[in-house]
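This structure is in structure tokens; I'll ask about it shortly.
As written, the chain order gives the labels A, B, C and D, with residue 1 at the start of each chain.
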Amino acid sequence: MKLHEYQAKGVFADAGIPVPDSTLASTVDGAVEAAEEIGYPVAIKAQVQVGGRGKAGGIELVDDATEAREAAESILGMDLKGLYVDRVLVEAAVDFTNELYVGVTMDRAEGKPVAMVSTRGGVNIEEVAAEDPDAIVREHIDPAFGLHPYQARKAVFDAGIDRDVAIDAASILTQLYELWEEKDATEIEVNPLMVTGDGEVIAADAVMNIDDDALFRQPDLAGMEEEAAEDDLEAKANEYGFDYVRLSGNTGIIGNGAGLVMTTLDLVDYYGGSPANFLDIGGGAKAERVTNALDMVFSDENVDSVVFNIFGGITRGDEVAKGINEALEQFEEIPKPVVVRLAGTNAEEGMEILNTDLVTVEKTLEEAVQRAVSYAEGGDQ
Amino acid sequence: MSILVDNDTRVVVQGITGGEGKFHAGQMIEYGTNVVAGAVPGRGGQEVAGVPVYDTVDRAAREEDANASVVFVPPAFATDAIFEALDAPLDLVVAITEGVPQQDMAKVYRKLRGTDTHLIGPNCPGLITPGETKLGILPGNIFSEGNVGFVSRSGTLTYQVVDNLTQRGIGQTSAVGIGGDPIIGTDFIDVLELYEADPETEAIVMCGEIGGEDEEDAAAYIGEHMDTPVVGFIAGRTAPPGKRMGHAGAIVSGSGTGTAESKIDALNAAGVSVGDTPNQVADYVEDLL
Amino acid sequence: MKLHEYQAKGVFADAGIPVPDSTLASTVDGAVEAAEEIGYPVAIKAQVQVGGRGKAGGIELVDDATEAREAAESILGMDLKGLYVDRVLVEAAVDFTNELYVGVTMDRAEGKPVAMVSTRGGVNIEEVAAEDPDAIVREHIDPAFGLHPYQARKAVFDAGIDRDVAIDAASILTQLYELWEEKDATEIEVNPLMVTGDGEVIAADAVMNIDDDALFRQPDLAGMEEEAAEDDLEAKANEYGFDYVRLSGNTGIIGNGAGLVMTTLDLVDYYGGSPANFLDIGGGAKAERVTNALDMVFSDENVDSVVFNIFGGITRGDEVAKGINEALEQFEEIPKPVVVRLAGTNAEEGMEILNTDLVTVEKTLEEAVQRAVSYAEGGDQ
Amino acid sequence: MSILVDNDTRVVVQGITGGEGKFHAGQMIEYGTNVVAGAVPGRGGQEVAGVPVYDTVDRAAREEDANASVVFVPPAFATDAIFEALDAPLDLVVAITEGVPQQDMAKVYRKLRGTDTHLIGPNCPGLITPGETKLGILPGNIFSEGNVGFVSRSGTLTYQVVDNLTQRGIGQTSAVGIGGDPIIGTDFIDVLELYEADPETEAIVMCGEIGGEDEEDAAAYIGEHMDTPVVGFIAGRTAPPGKRMGHAGAIVSGSGTGTAESKIDALNAAGVSVGDTPNQVADYVEDLL
């Protein structure tokens, strides 16, 4: 789960990390009012979860009410890399002399967190990492001990941060790690961490991704989740408790198990089709869950056909078949053609139950995918 | 021959009184696994699936001479259950639980490195030595005895590919589902090393997926250290960056690391044929044997 | 620093560990009033920091107001193993079926904390440890990971605690460890942890010792310290920042460094005298600190002579001599004879400065101690 | 010969810009110690006591090829300073700081066991190889070169007993103050083992005190493993139970463990003569040589 900038900054501020004054606004008038209250210059920043907002026109720096109104009008409602901007953060502009980068993420290969510091803040840090890896200092953290203060200092001094602000930057890194641990983050970064003319440091942007698997013990953050959902269908998937990702194609895909569903997507592509989504109904799904899954995929207006691919382990083919029948029998006319392939536990029982008036049954994964792709292209049912 | 588990493996089921634990304890016993005890705090003295339940893993292991466990415990308590099994100590711990918080696993992994225990998972289907024993939730009937070592990050994809092999009469020495989480106890290299040392394993199938760099690391290992031929498969070629594809570990980062392309290239460079479809994987294996 | 029972129970209650209802009282009327409010039977418990209060008559169980008054009258103001009882805890009596022991302490030899559990609660646990070591289950704790919940469970099950209350007892052990860590305890125990007829567990007594060296980060507990001081002189030593222990003899002892001061005490005993105190002025003491030390020892009415033994490392002999002179020159008559021995850094300079009209100077430790012992016995100055 | 430190020891002073750090850096240099750098965060680039200061121990060690440090850092920050030195990594860390919280030291001790570093202290006067080098606050002038290995839990008591030896012409190979805290990095046995291996150490003086069981453990070790004769001294014979005698570690528990009597008995049983007074210790040593 990714927090919005304004949410992450709220978490930072609560933890005592300095952030600029700011107000969230969803209307042009609200944005101008907030700008007047904060005092110019202010930055008006689109609240969508995508990198490179600035270059894409999602951030503007304004000096008076007229400019603020213009900026708010242009940003609110814009389409930013495919995302609709419905809120802006109006934020005091920081008069900075320097931009740093500090962050904490999980190094999967080492199985431990790693703190990162660079003097090359304010730009895409992944590009810096690619072209000049030494510009980013990495300090691995022993999860049993946490980030020792000396490690934070070592990282900032080794990165070459000016001695005047190094200790403050190290403190912020320490605070970030504490937040990382306390909030079950998987990634947390400040880019840029601005250094002002007075030698203060301030978090001018904030990224915070939370471990979905830990939301059960992060009630405050879990409450933010809904607010952060980007897409109606993804919100619906959250409700149903599905792992769901919406894509841009027209072949809907339902399956059990992440690896198998991904493989089904890949096969749709391999056979010349285009996947509309990833939808994993998980292990041991009962009839109702199957019905919900079909409802999800039918709700996506891009979808022209559906492939339902189940290899039963815990999941039983007869339960799946029952769910498919129930879901489809409620329609006068089936909204999109559905191809079903059942294998594994109780697959034969499932095949027998399936109402073949409503679905097309295929025996192998490859055949099922090819059939669904053909339907999506307008082929005969 | 086989790796990690065989007829001598004596299993404690942690969480045997829960729905899943009870069901799969029964399934394992039916397959032939030596399930010797369950461990559930406060339920000591009961009997489930025909085996005695103990309050602690330590006591179950001592009383029943167990050397392995399978963990069916909800995510909030799973790491404590794993720590308990590590401390017993058992030789092998198989954590089926899905949804273990990443930072908890980082602590487990930290502890694990100081021990001799193999941890498989979490978020994995378990492992099986066909005809001898299975630890986990794998459907036993799709596996068959043979000479192919199988290892995969995924559960149902394992079933799909193994089924393709078995249908063609290609059996397995063992099959290990290492799990789809970002931090897991046993990675590809660990398993590849075991298969390389197993004289009966004549070929290996390795099913990876997007996210992380385990497959790239494994490719480098194969290129440098392995004689046994390996056939690969990578799921997630069509996954867009930044979106988690079900598994917590299956995510292509914004910076482009962890892509299927990079993994396939690395495997090809190490002399590994990578199938485009599960069927093609079986084709390649058939060619090797 | 040892907390009083009522203080430790306050900390326990804040942490959610069940304790009986109780009220602190310093008068007989207050105690009776508290007993009436709580409802009989109640226990009236002397608040002094010494083991075996019950056997020594410091705890009484009463069933009505008359008994409560009698008990409060007998306990308040009593001398309990040398300590004056000025407060009692009036506490709801627990109707128990079983008494357990749970605690956490530091295993110095292992350098790690150890949790302890026994079904032999309610008696002196050190006697149990001596006569039947297996009756106490010990579980070492990795300080980097803390007490894992499974370890708490393992300890209670291995100790043979009834399965009905085992999980609750394990939770309390976990809470005790969390308190141990959070509060910088060196020892924390509940003896007895009572099991009621309803299968509830409740902390009927509470011991909590805090690491003096960690009080700087435990402001709440540091605030309790004064309240807990047992002795006016020890309170004064706290103010001055001395390591001070009052003993029962009549030869006052001042020195620098714990080992050397202990050795001076031992030598006083070895030469037939009796030490009145341990007083370590620490390293690098300046004149004022020396003056304060003499003030401390002179304030002890038991003291008949003083031996001042300094081996300078960081501490400078001339500074010590100056302090001794300043302290003694303010008196018309020196309150008690003072023997001084200076060695090490600037010892010769110190010897030259010392006003030998006011003190007796000896060259070796052995001679200085023998002289002070002789003075304490009324020998010539 | 000597143990732990000699003319090749190259020292970083952690906290060199503080009053104590600066003073003792000067004292050490005057004695002949190779103090090569100071380390104080934010003070890099300065010069104190004639040596360069670095922001981190890591950089000081790399730039000046240091292999040891002495820690003069206030208690609240001392364990972080020790962790920093362990991580550099240095071969030897001497923590002078008094008043380090016990739980912080438990964490340091936990980490220490996985490293090759010797940690002396905390709450110790340091160590010295007379005529070569000293790391810490020991007054150099009371020591003299010779063949007695010295080890003590106490600071000024060390001076007292060493002075008694030196006055009689009995010099020392090395002298180590291991510190008076309940948890210390290096204990009696560690030091005894080093002296036993040192061919020039002909006798050892070991000064213990009440509290803990280090002296009893050392006595057992001496009885089993040592040929070099040992003379003992135990401070705190008159200490009452339950009262902390200055040192955080010097406390006889209510249950009677850690008494002077038990320590003296154990040492006597291992063939160690224990002096009643510092003078008697010197007598016994004189008899041995």
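General observations
Note that in this section a contact is a pair of C-beta atoms (placed from the backbone, for glycine too) under 8 Å apart; a residue touches a chain by one contact, two chains touch by 3 or more.
Chain by chain, the UniProt names read as follows: A, C = Succinate--CoA ligase [ADP-forming] subunit beta; B, D = Succinate--CoA ligase [ADP-forming] subunit alpha.
All figures in this text were calculated on a predicted structure; none of them were measured in a lab.
Looking at the partners of chain B and chain C together, the chains they share are A. Chain centres here are Cα means. That of chain A falls 28 Å from that of chain B. Annotation: 56 Å between the Cα-based centres of chain A and chain C.
For this pair, chain B with chain D, the centres built from the Cα atoms lie 50 Å apart. Residue positions of chain D with contacts to 2 or more other chains are 107, 111. Residues of chain A in contact with at least two other chains: 142, 144-145. Contacts between chains form some other arrangement here, matching none of path, ring, star or all-to-all. Counting only pairs that meet the touch rule, the chains in contact are A-B, A-C, A-D, B-C, C-D.
Against chain C, in their complex, chain D makes its touches with residues 20, 75-76, 98-107, 109-111, 125, 137-139, 142, 152-160, 163, 180, 182-183, 207, 209-210, 212-214, 217, 233, 235-240, 243-250, 254-255, 260, 276-279.
On the chain A side of its complex with chain D, the touching residues are 145, 148-151, 153-154, 157-158, 163, 166-167, 170.
Those residues of chain D lying in contact with chain A across their complex are 41-42, 44-45, 55-59, 77, 80-81, 83-84, 87, 107, 111. Considering their complex, residues 142, 144-145 of chain A touch chain C. Of all the residues in chain C, the ones that touch chain D in their complex are 51, 106, 108-109, 111-113, 126, 129-130, 142-144, 181, 184, 186, 211-214, 216-217, 243, 245, 247, 255-263, 265-270, 275, 278, 280, 283-284, 311-314, 343-345, 364-366.
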